[in-house]
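This is the structure I have questions about; it appears just below.
Here the chain labels run A, B and C in written order, and each chain numbers its own residues starting at 1.
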Amino acid sequence: MKKKWLSLLLVGVMALSVALSGCGGSGGSGGNGGGASDETGAAPAGGGEDAAAAEDSHLDFGIYWFGDDLDPGNGWNGWTLTRAAVGETLVTVDENLNFVGQIADEWSVDDDQVTWRFHIRDGVTFQNGNVCDAEAVVGSIQRSLEVNERGQTNLKLASVEADGDWVVFTTEEPYGAFLANLTEPLFVIVDTSVDTSDYGNHPICTGAYMVTDFEPEVSFDAVAYDGYWGGTPGFESITCYNIPDDNSRASALQSGELDMMQRVAATDLSLFEGNDDYEVQMATGTRVQFLFMNTQAAPFDDENIRHAFNAAMNYDAIAGAIGGGLTGVGSPFPPSASFFGSLNRDTYDPDACAEYLAAAGYTETDDEGYVVNAAGERLVCHILMSESTPLAEMVQHWAKECGIDVEITLAENVSDTRNAGDFELVFANWQTLSTGDPQWFLDQVFKTGATDNYSGYSNAELDALIEQLTTTFDADERMNIAGQASQIIIDEAFGCFLVDVTNINVCHSNVENMSTFPIDYYFLTPQTTFAQ
Amino acid sequence: MYYVKRALHDKKFMIMLCITIAFVLLTIFAGAIAPHDPIAQNYDAILQPPSREYPFGTDAVGRCLLSRLLYGGKTSLVIAIVVTLLMAVIGVVIGMVSGYFGGIVDTILMRVTDMLLAFPHIVFVIAIVAVLGTGTRNLILAMTVISWTMFARVTRSLVITIKKEDYVEQARLSGASKPAIMFRYIVPNVIPYLIVLITQDIGSNLLTLASLSLLGLGSQPPTPEWGFMLSEGKRYMQTAPWMLIFPGMVILICVIIFNLLGDSLRDILDPRGITKREGTSFLARLLSRRDRKEKEEHEEEMA
Amino acid sequence: MLKYIIVRLLHTIPVLIGVTFLTFLLLSFAPSDPVTMKYLNMGVSGDAEVMEAEREELGLNDPLLVRYGRWVANALRGDFGESVSYNHPVAEEMARRLPRTIKLAVCALAITVVFSIPLGILSAVYKNKLADYIIRFLSFVGVSMPSFWLGMLLIYFFAIKLNLLPSISGNNVIGLILPSITLSVWMTATYIRRLRANILEEINKDYVTGLLSKGIPQWKVNLKHVLPNALLSIITMFGMSIGGVLGGATIVETVFSYQGVGKMAADAVTARDYNLIQGYVVWMALIFVGVNLAVDILYRVLDPRLRLGGE
């Protein structure tokens, strides 16, 4: 009897404490000063179905990266602002990689090829109500150049000044990539006429939403800016969550915590595709996953080996196995580049691989199926990486099919070792068509002696083409030159270009006008809203 | 011999022993049992759910999960056992020296163990691996360097107790040398307890290993390893849940087996329950230390 | 009592010095120093002579002990250096993330206490009955389970399938439920096993037999003597759990993408952010030592035997 009574009591205590701790917990969090975010956080947890009805136009969306703060001048942090329709640049890049005006509505370059003129759109105001005129833009650009070293590298600017409604830039030398580089979110226009010291938490920009509360690494809240030049934004308020882990982001969308999210892992795509509750959008991205090949050291100092390796890769099978609508590329630029179709790209060709291997002296095969040279040595190459990925294991697999032994070497300090040129193969997942323009990638990676030319690539013809690109201003002509450069890279086998990265975004079907851009630092637009 | 006899008559222990041996044999003879090559990729059978052909399903590049688990057992168990044995050897030597000689050596050694105990182990392993780099060898090294303290503590207290026993006193009075006493009287008395501790620690080291693999500090692919497979399975949690469920189950079962074996061994080798407090892991180790300290204090204060 | 506290405080000093020196020593073996890291971060390889001059200026070429002394002096002023991966002071990053981890740890400990004490008592009271077997079985599974596996299963069932709880833990309390359960399961299981053992051990003690023979009913003895004594050890466990919680937080935070110090430490390893790792280690040591000091004192206050014996 006593025991029964005791056990009842104990269970009661347990239940009571659970109830109490629940209350105590929510009470405690209110005291943390995060009142507003608590409410928004708690609402979607109530369940997915009634969330839509109860929302008075509040959007919860997830992206996969935050910088350390929200100041566009700081690091790459401006990317968060363009993703959330908070910050705007003079000119932006649309879904088809065309330049469209944002704060500027008109622009031109003079015949001297160094003077660029941008007309500032009427009626653009900062989120504090101040008018965003030419003077303000000049102030903001100067700030970007002052606070971030990348600024000057990107613009090669000699001077910038206001001339009535126009902003006039003069570059140090003719620079064809100027316009494209000006779209980089580092040049998000902010109000410099007021105190900018708190821009890490509350940047004052010109976009549709203004930041009200920033919780570093976790989320920020923003409300619609009434004076937005582009009309009434689609939501009254938004919360942007930083969820770096792909699976967590996907499950948060499924559980209704998020209405919309950027980037679905290829492995999770099947959860949303063909499901009426979700809308999936894909766009060929501007990134390519490739391998740097060190041309300064064995074995890839031998062009035959480089070609053999590239011919051993079954690009389409790899893309298919990763899934998510990826395509094999075999070219340094993704299919979103206009010249992609005209390239003679690398393809899977085991016979050609065998020929290249034979030319490099690997004529025999050993018991385990690996090719060996006259001395009986295998062709072994090492991929340096910090953590193995399925992609690496696939590369390993296809190389083995052709008799090349690929070993994965795990190291924590991959970037050091790579930068020191002490590697054979290193993975990279880079924006090759960043800002919609090919020059940055060619400049950084393939020019003789360039900053990121870890592999020691050097080809006079390629250098000349890249130089020519610098002084070419016609968009079509630029792409034409980039195409020629790409072909040289492929013919010289400067790297193994595996697959492109498709940008895949998903929202609940009650979200309307979600946009998916090739460039992944664009996402939310003022037009995105809930269906009526 | 007395223990062996007891063990043979202990039904619970014999059952656990058989299961453990069966489990170990499974991994040793993985090559003969596994239906497929654990490393060969098969692009025609990507992410297949469990079927007759692939009893546990396949992973993202079409490898048979069952085969990988069988082979992976070798890697995981070997690492866990090697770490445990290394820990035991280092810990026992230090504990013996500390307990037998006492004095300043004892004080210094015990302060060092205090320091190492005063710390979340995973944090330290992370720091060590950060400097040394990832890889099986460094992982074993890091885990060992951090965790020998528990063995040192237990050995020390056992030695101190045994040292005071009559037969040891007698041996000393009859002029036996210190090493002789150590090896003839003390070591044999410490070993049974150590066997219990080692068995139980294998389980907890398996768990630690799995956690470290999750953080990306584990072994070298494509060699299969349980923890690594489990963290890989995380990516396919929804689309291919078998990649998450089976490795987790296998780890769970294996840890349970070692823990149960440890429990039944304790009943045989340590009827007084001296090692009982040592439990299965780091937390329990800390507890036991404090408890003993507390007990000692109590005794002193009561006296 | 005051004397005791002072003595204990003094005892913590060598431990702290030891721990910090050990990590300092360890990290001094790291393959790249702050100057190299700085240039890498800027994306340039840097001139060897310039870099050497900078090292000299920063005092990186001084003997280890001198550098350690300087580090301690800075740390005492709250300056733990710059974090390379976050581009701001380590102290700032810690201050931002530590409260999140503490919140998580407190929730986990609360869950542990709430469940382990009643279940531990039940298990002991119903020794070798059905309830005991069930509790023992569950706690056995609890200590043998990889905690992050459990975390993922919880996400799968509660967040995705049942849609009851959020899987990301923004900054609301509901989001803390799953991570803190995950973090607490292992502890709860250990506590239960331990409490049960303690109670059973206490029941068999001489004084209990003595009281029983005096005709005092069993339940009264249990409630008045056995339980308080058994629970006392739980307080000790509490302090000791901190280490496990802080370590476990690394795993749980990674699984739940919770931006606390644990995840930060795991990320810092990949980014080779040594200042951050060092700062983290120091803070964890401080917390551990501090909590244990508090627990020791509390224990001293609560335990009648020690109180009498000590004074």
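In this section, a contact is a pair of C-beta atoms (placed from the backbone, for glycine too) under 8 Å apart; a residue touches a chain by one contact, two chains touch by 3 or more.
From a predicted model like this one, the values you see are computed outputs, not experimental measurements.
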**Prompt:** Counting only C-alpha atoms to place each centre, which chain is farthest from chain C?
**Reply:** A
**Prompt:** Which chain, with its centre taken as the mean C-alpha position, is closest to the global C-alpha centre?
**Reply:** C
**Mean-CA-position distance for chain B and chain A (Å)** = 43
**Asked** In whole angstrom, what separates the CA-based centres of chain B and chain C?
**Response** 21
**Complete:** CA centroids of chain A and chain C: separation to the nearest Å works out as 36
**Request:** Can you tell me which residues of chain C touch two or more of the remaining chains?
**Result:** 31, 155-156, 160, 269-270, 272
**Request:** Send over the residues of chain A in touch with two or more other chains.
**Result:** 251, 386-387, 412-413
**chain B, residues touching no fewer than two other chains** = 129-130, 133, 216, 234, 237-238
**Parts of chain C lying in touch with chain A, wherever the complex brings them together** = 31-32, 36, 40, 42-45, 86-88, 96-97, 107, 110-111, 114-115, 118-119, 121-122, 125-126, 131, 155-156, 159-160, 163, 165-168, 170-176, 219, 256-257, 259, 269-270, 272
**Prompt:** For chain C, which residues are in contact with chain B within the complex?
**Reply:** 14-15, 18-19, 22-23, 26-27, 29-31, 140-141, 143-149, 152-153, 155-156, 160, 187, 190, 193-194, 197, 233, 236-237, 240-241, 243-244, 246-248, 250-251, 254-255, 265-266, 268-270, 272, 274, 277, 280-281, 284-285, 288-289, 292, 305-306, 309-310
**Prompt:** Within the complex, which stretch of chain A touches chain C?
**Reply:** 2-3, 6-7, 10-11, 13-14, 17-18, 21, 25-26, 28-29, 32, 34, 37-38, 41-42, 44-45, 47-48, 62, 68, 74-75, 149, 215-219, 241-245, 248-249, 251-252, 254-257, 386-387, 412-413, 415-416, 419-420, 451-452
**Asked** For the complex, which residues does chain B have touching chain C?
**Response** 111-112, 114-115, 118-124, 126-131, 133, 203, 207, 210-211, 214-217, 227, 230, 234, 237-238, 241, 244, 248, 251-252, 255-256, 259, 276, 279-284, 286-287, 290-291, 294, 297-298, 301-302
**Request:** Could you pull out which chain B residues touch chain A in their complex?
**Result:** 41, 43, 46, 60-62, 129-130, 133-135, 216, 220-222, 234-240
